[in-house]
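Here chain A shows up in two complexes: once beside chain B, once beside chain C.
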Partner chain A sequence: MTEPTNPLRTQIVTRLLALGFSKEQIVETKAARSCYGYDATRQNIEPLLALLPENELQVKTILKLATEKGLKIFPRGAGSGMSGGSIPSHDGIIVSLTKMKRILEIDEENMIATVEPGVITGELQEVVSRLGLFYPPDPASLAFSTIGGNVTENAGGPRAVKYGVTGNFVMGLEAYLVNGEKIKCGNKCIKSVSGYDLTSLLVGSEGTLAIITKILLKLLPAPEAVKTSLLAFKSMTGAAHAVNAMLKHQINPSTIEFLDHHSINAVRSALPFTLPDETDTVLLVEIDGPKALVESQSLKLNELFKDEALLLIAARDENEREQLWLARRKLSPAIANIAPHKINEDIAVPLGAIPEVISRLESLSQEINLPIVCFGHAGDGNIHVNVMLDKNDPDQAERGQKAINKIFSITLELGGTLSGEHGIGNTKSAYFDKEWGPVTIATMQAIKKAFDPDNRLNPGKIFPT
Partner chain B sequence: MTITPLTIEEELKKCVKCGACMAVCPIYRQTGREEMVARGKLNLIEIIRNNEELPPAWIEAVDHCLLCCSCEENCSKGVKITEIIAAARNHQTEIIGLNPIKKGAFALLKNRILSLARVVKLGSLLQWLLWQKLPNHSGLVRRFTLPGIDSKTVIPALPLKNLDDLLKRRQPVPELQPILFFSGCATRFLHPQIGLDLIFVLEQLGFNAITPKKFNCCGMVTWGAGDKSTNRELQASNLKVLNDNAHIKEVVTGCASCGHALKEYDNLPEDCEILDISELLFRHREKLEQLVGSRQITQKITYHDPCHLSKGQEVTKEPRWLLKLIAGDNFIEMRHPERCCGAGGTFGLTHKEISREILKEKTDDCDATGAEIVTSGCPGCILQLTEGAVVSKSSWQAEHPITLLAELLRSK
Partner chain C sequence: MTEPTNPLRTQIVTRLLALGFSKEQIVETKAARSCYGYDATRQNIEPLLALLPENELQVKTILKLATEKGLKIFPRGAGSGMSGGSIPSHDGIIVSLTKMKRILEIDEENMIATVEPGVITGELQEVVSRLGLFYPPDPASLAFSTIGGNVTENAGGPRAVKYGVTGNFVMGLEAYLVNGEKIKCGNKCIKSVSGYDLTSLLVGSEGTLAIITKILLKLLPAPEAVKTSLLAFKSMTGAAHAVNAMLKHQINPSTIEFLDHHSINAVRSALPFTLPDETDTVLLVEIDGPKALVESQSLKLNELFKDEALLLIAARDENEREQLWLARRKLSPAIANIAPHKINEDIAVPLGAIPEVISRLESLSQEINLPIVCFGHAGDGNIHVNVMLDKNDPDQAERGQKAINKIFSITLELGGTLSGEHGIGNTKSAYFDKEWGPVTIATMQAIKKAFDPDNRLNPGKIFPT
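This part shows the complex of A and B:
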């Protein structure tokens, strides 16, 4: 692993040390750099350097220096991305925001938290909950992903059906353009319509427009109670009708997760309760809010579906709640037993199209002769589609690739989108022009150019290359 | 605890780089460095393996691990991370050799535990020259510089008599059901009272604790240091004792690390069952509930999950059942009871700074409960927590749950 010294790297390191960076903030050796070249997509490209700024001025210093040298910059949060958003190039600099992790203020009067981008989502939730407050966005990675990463991927989780995704909670931002100049957008006002909404533009921008250094997040009062129920249905259509009926009857669940029959078969034996044999689809429904309301809505849920559902279990305490959630939590390891590898996509479709998507994916599964396991968020149309295969078998690998193309086509035909949660990054950029026409893409590219004229900030992401 | 190179390769492949280990790794929490978290360590071990020249980043990453199993318990892919790290350390010792201090200490372990006993005893006589006593009998701090040990280390006052000495006066109770008691080095030499308390509780329950002097160190420290050959020898000598006593099926220990190590032994005698003391007590809960009756501890107590018990052996409910039994509502949970205390075998001695930072968060969580006693089913954690209480000037003291139970049973 001894590598020849790179004069550029040495130069930058010397400059940064002179500018007050400590050795711990500079990741220089090849071995150490390789630990900043991956995310959850398992690509690994070690960058020229990885830097860990501790405050915004250091971010600015890095950006100014990189501009002087014409270097590429790749922002990185926890590196838990599922679309390769933080993957660098060999000649680029990783700017890891993980050391900027202070919660700067919790304004209880206005119910707004001001945080640095490296704050771990779950830790913010824990801190605000001690004050009786609530930050709802709940990506499954909340225990380790950063708020900055959540904002730039516009991450969301099961609670999106009632509360929305990360973007719905971002009131304002401070960010640095690639040239080291600072922009501010948004504020603490609930109504705010002065000029273009740059906050919304930066949300979901996948680190391609600016490096976010400060975030204002809306908080809510913590719900008093939460009740979880599990419902089993004979068909996906039945389950989809049920979701629709809930919403029409003013039941307002915070979560409606579904498992298709492949998922059910995979976890069935690990569950502490018995599912009827005819079960095709399971819904996991959670209702939260004031105690009395939660009780009355749960009763209504029971009334509505006691005949239609094959099984309806309502958790009576935390322990039972945990048992019902097991169905969902055991899922990922359980489906891994179906085949050694999986290709997973996180498409989203309008609610009404869920049964159609599932049935067309079922036909596709038969056509390509590979199992396709679907589960996800029935309340918001976001479906995790998993094509199960053995990638070491070239034939299966080819059929898998074909499946991905078809999955995207089906999704788009039904008015859906390539990604509900994980973003485009570099793993889905090749399909981007399937979703958007040339004019739309050109408009997006013009925006990119306005922020980053030399394409030095997170190049190679979102847009087809 | 044996893993062949082929399975290491397979284990490494299982890691999908999801990053979930970041949520729980105490070292990552303090350093914020990707190389230090399991994902980064595995990446380094995967890309640089059959390499004679190990880069400093590799050595540092492999060295900075508490073997606390937190990552392993949290990994949805079930990657055997601690096995991989132990194997990497073994690889490193083969290339670079063992750190000389560990080498000396392990030679003592190997060349019979009894010589270790002699050294500890000599230490207990000389300690007053080298170390300064702290208030509350909590321990000692160093008077002079000593090579290899950080000046801020707090050590317990070494008892003049070890468990073996104390047991010489024990009245045998052959009419009771025999059970093997594996005390472990820390209980044997540093905290013999825990051993006496445990034996007393066993007798109350109808068990006669058999305490073979030939039991050696469980091997956890040598495994963790990558000293495969010493570990193998220690295992073999303990297996011999277990086989010689194969008519006794149950082996009980009060040390989380020993229990974890023993449960992982290959070739345990058939039907031999290793049990943490809390597991054994839980099995006999009806009897114990009768014995305790209406007596209850009046002090507020809390509980710290030893990593090697909670994550290593998945034993979390039994100690809590016990504490509720003896303390009722005086038992309060701390925030994050599962978080490592930073001891990690010898890690606390060799990496004082990080270990202290981890410990500080733990003692803050302990302080926040307002408890007077912090319990933990591991002599290693008790040592570390005692140091923490001294450093953070906390008013609680650290005890083994068995000590509290024994005191309660002895009380009128």
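This part shows the complex of A and C:
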């Protein structure tokens, strides 16, 4: 069936072609537009139009035109977001930054990369590693997600324990305001107190304040050595105490991932080693840095937990390391066997609250009679909570929805936050006021209004509608 | 001479006494008010009134009353600021947070301190160190400056090289808006992407957006060992290359201070060791962390520079460490012998630009015929530039002023920033637009307006007036 012509779309396309956009940069057909209206939440709304600017002047042109016509703009990277942050409206224009993917500079002396937003995170990591440098943030999506998307959602990853999240590496930005004017913030200086920190304000703002066109990223020298260990514990409390003990004993792992007993059961049979039957929680610990440090800390790890842990395996080479990681990597496909669907939240809590949150989620699971599988980043309190269900069963769907509400209540009661690394987007905006009181939300909204008075830049995200 | 009665002052005092403030919390006389109108820039303007709230409700009461009367409010810590950030106007009210100095909680499990803004930085460091914990930010003023002041100016210090500045340790805040309403931002979670990062926006906002009443600070385990070394080099370029080589070779010092040849000449005779005559630049390098790491990195430091450096002394104990630090500590009093006054700026540049900026300042010094003494934080690019002069000589004063303008131009040309750790305050606001273009400044001002529509909270700071 042919889609009826939309006069507004036709008008914009004509203008953009006249302004030098090529046909390949303008996505017009319904099917093609649909490819720019999804993300990892499986929502899918085709926009009025999707545009693929190749440089910042084209971003400016789009914003000026949208301002003239009063149109909504939805910026977008690779669409790997987990909270609907890039989902457009039917009357909005998608601005995909995927064609702006140049690594503009790698300043080896100052260890800073300057990139366009469409650069793939994993590709940047590869390029800098060839120069002996290291860009630590490692969201699970790094093989396809973009730096721009990582910045606007402040993406995390396992290495956040030691290195922090994307925002900790953003030194500066260039961005276009909704009216097409350009701001610059930050610089290549390690210290700077000159006016408000607009860089940190734009990081994690989910594309609601400006379209980022250039990003300065801090790099580190590549670590000399990495050592991976797997530790099995009888209880979550035991594992949580182990995490605390590591940090207190000057062991500073780059990664401390955990798997709960549901997760373990899901992957157990696929593992190339045998986990003791009593295993309730597994920790995957990675230590990196100078060789001498990695060795001494690995020895200390062994000393500290050789009695307490049910099992402690330290990888001796890259092959063994890969085997230990198998447990974690096989997890997402493996838990799909538990139920056809999952509702997946990425709450974060203070480190000390992990055992309590896991135990309360256990009770909740019994209460709603649905499995709740937890795994994630034990070293930074960021837990991926998966309520396993069949969404086609209305009763299960209702119980699942109830569970989410309860999960957020438990999280906030324990001093936690709705999202550790995925953002609020449109999937968690209904819960946003549970976390922040009305004055704080009004203050955030006043900032939004200062940047975007007509609410045309990525509307419907973060704030309850 | 008795000061004439001010009816507005009398009226406010009467109201506050009726609202439960004690006489000790209200500073009325001209002489006493003057004690709340200075800072380290030696400006001194006595305010209409100075108030010393003891709790957050009193802060709220003051803000509500000021809103009712349309009065300006100037928040203030210990008055150790170097850029005039806390200087009031004659018709404004000082809110000194020095009586709000409780350490509310030290959460050892999560390694987070919750404090009121008036806590002295050095006292917090002592209290947490007794628990085996570590609060790294170490501004030179730490014996008397407050955490609140450190947060609003985003204070740095020598240890910023490895640990970052104050802002890197602020996990959350509670603050009162100018209208007396309270916002909360951040939490005890290591990762959080839930709405705009108001915490980072308030850090370094120099008291222009809100009055901070509660601060959550990240703590670290205290380092096991510290090793201090002094290295002498023939040239600034040689020293700068050494800094770069350290970082590239996985040596991650907590401190890399430098002294230029003027600084060295000023302190040379007072040192308990002999510096070679050809010494142009001295580096003071401190490595901390787990013992094994400190030892291996100190060995590496020695290997790398034993030939290149004119002198390399490694302290073997606390006493020798103190002797090495003498050079740095004697500096401020010693350079006072060069000329009766100094104009002191704290520019920061990208690491790689240090030799160039020092060489250009050398030329500038010859051009204006005034000594320019540079020292500071070689590891993070933050340089304390001191133009030495006699301000009572109008010709020197004029040349000094010209020099400041030139120093900022050189800094910005090399990708630097007006302030690494002191802030803009009222002393650098005239230069603010040299660093940021009109759109970026307008964006910051729109944020200011969103928080403080009538410009009553610390007006006259940061932005050019």
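Definition applied: the second predicted complex is superposed on the first by the 464 of 465 C-alpha atoms of A that agree within 3 Å, B and C clash if a C-alpha of one lies under 4 Å from a C-alpha of the other, contacts with A are read in each partner's own complex, and residues count from 1 in each chain.
Operating definition for what follows: contacts are C-beta pairs under 8 Å (C-beta built on N, C-alpha and C of every residue); 3 or more make two chains touch, one makes a residue touch a chain.
Everything numeric here is computed off the predicted structure, so don't read it as measured data.
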In the superposition, chain B vs chain C on chain A residues touched: C
Does the superposition put A:369 against chain B (first), chain C (second), both, or neither? neither
With the two structures laid over each other on chain A, which partner does A:22 touch: chain B (first), chain C (second), both, or neither? neither
Just checking: does A:122 make contact with chain B only, chain C only, both, or neither of them? Give me first, second, both or neither. first
Touching A:420, do we find chain B (first), chain C (second), both, or neither? second
If you stack the two complexes on chain A, which partner ends up touching A:141: first (chain B), second (chain C), both, or neither? first
Please indicate which partner A:10 is in contact with in the superposed arrangement: first for chain B, second for chain C, both, or neither. neither
If we overlay the two complexes on their shared chain A, which of chain B and chain C does A:160 touch? Say first, second, both or neither. second
So, does A:224 touch the first partner chain B, the second partner chain C, both, or neither? second
With both complexes overlaid on chain A, does A:34 touch chain B (first), chain C (second), both or neither? first
Show me the chain A residues, by the header's touch rule, that chain B contacts in one structure and chain C contacts in the other. none
Chain B partner contacts - residues on chain A that touch it in the complex: 1-2, 24, 27, 29-32, 34-36, 38-42, 44, 52, 78-80, 96, 98-99, 101, 120, 122, 141, 143-145, 332-333, 336
Can you check the complex and tell me which residues of chain B touch chain A? 16-24, 32-35, 39-40, 43-44, 47-48, 51, 53, 55-58, 76-78
Once bound in the complex, which stretches of chain C touch chain A? 107, 109-112, 132, 153-154, 156, 160-161, 165, 167, 177, 181-185, 187-198, 200-201, 203-205, 209, 221, 223-224, 244, 247-250, 289-290, 292-293, 295-297, 348-352, 377, 380-382, 415-424, 428, 432, 435-437, 439-441, 443-444, 446-451, 462
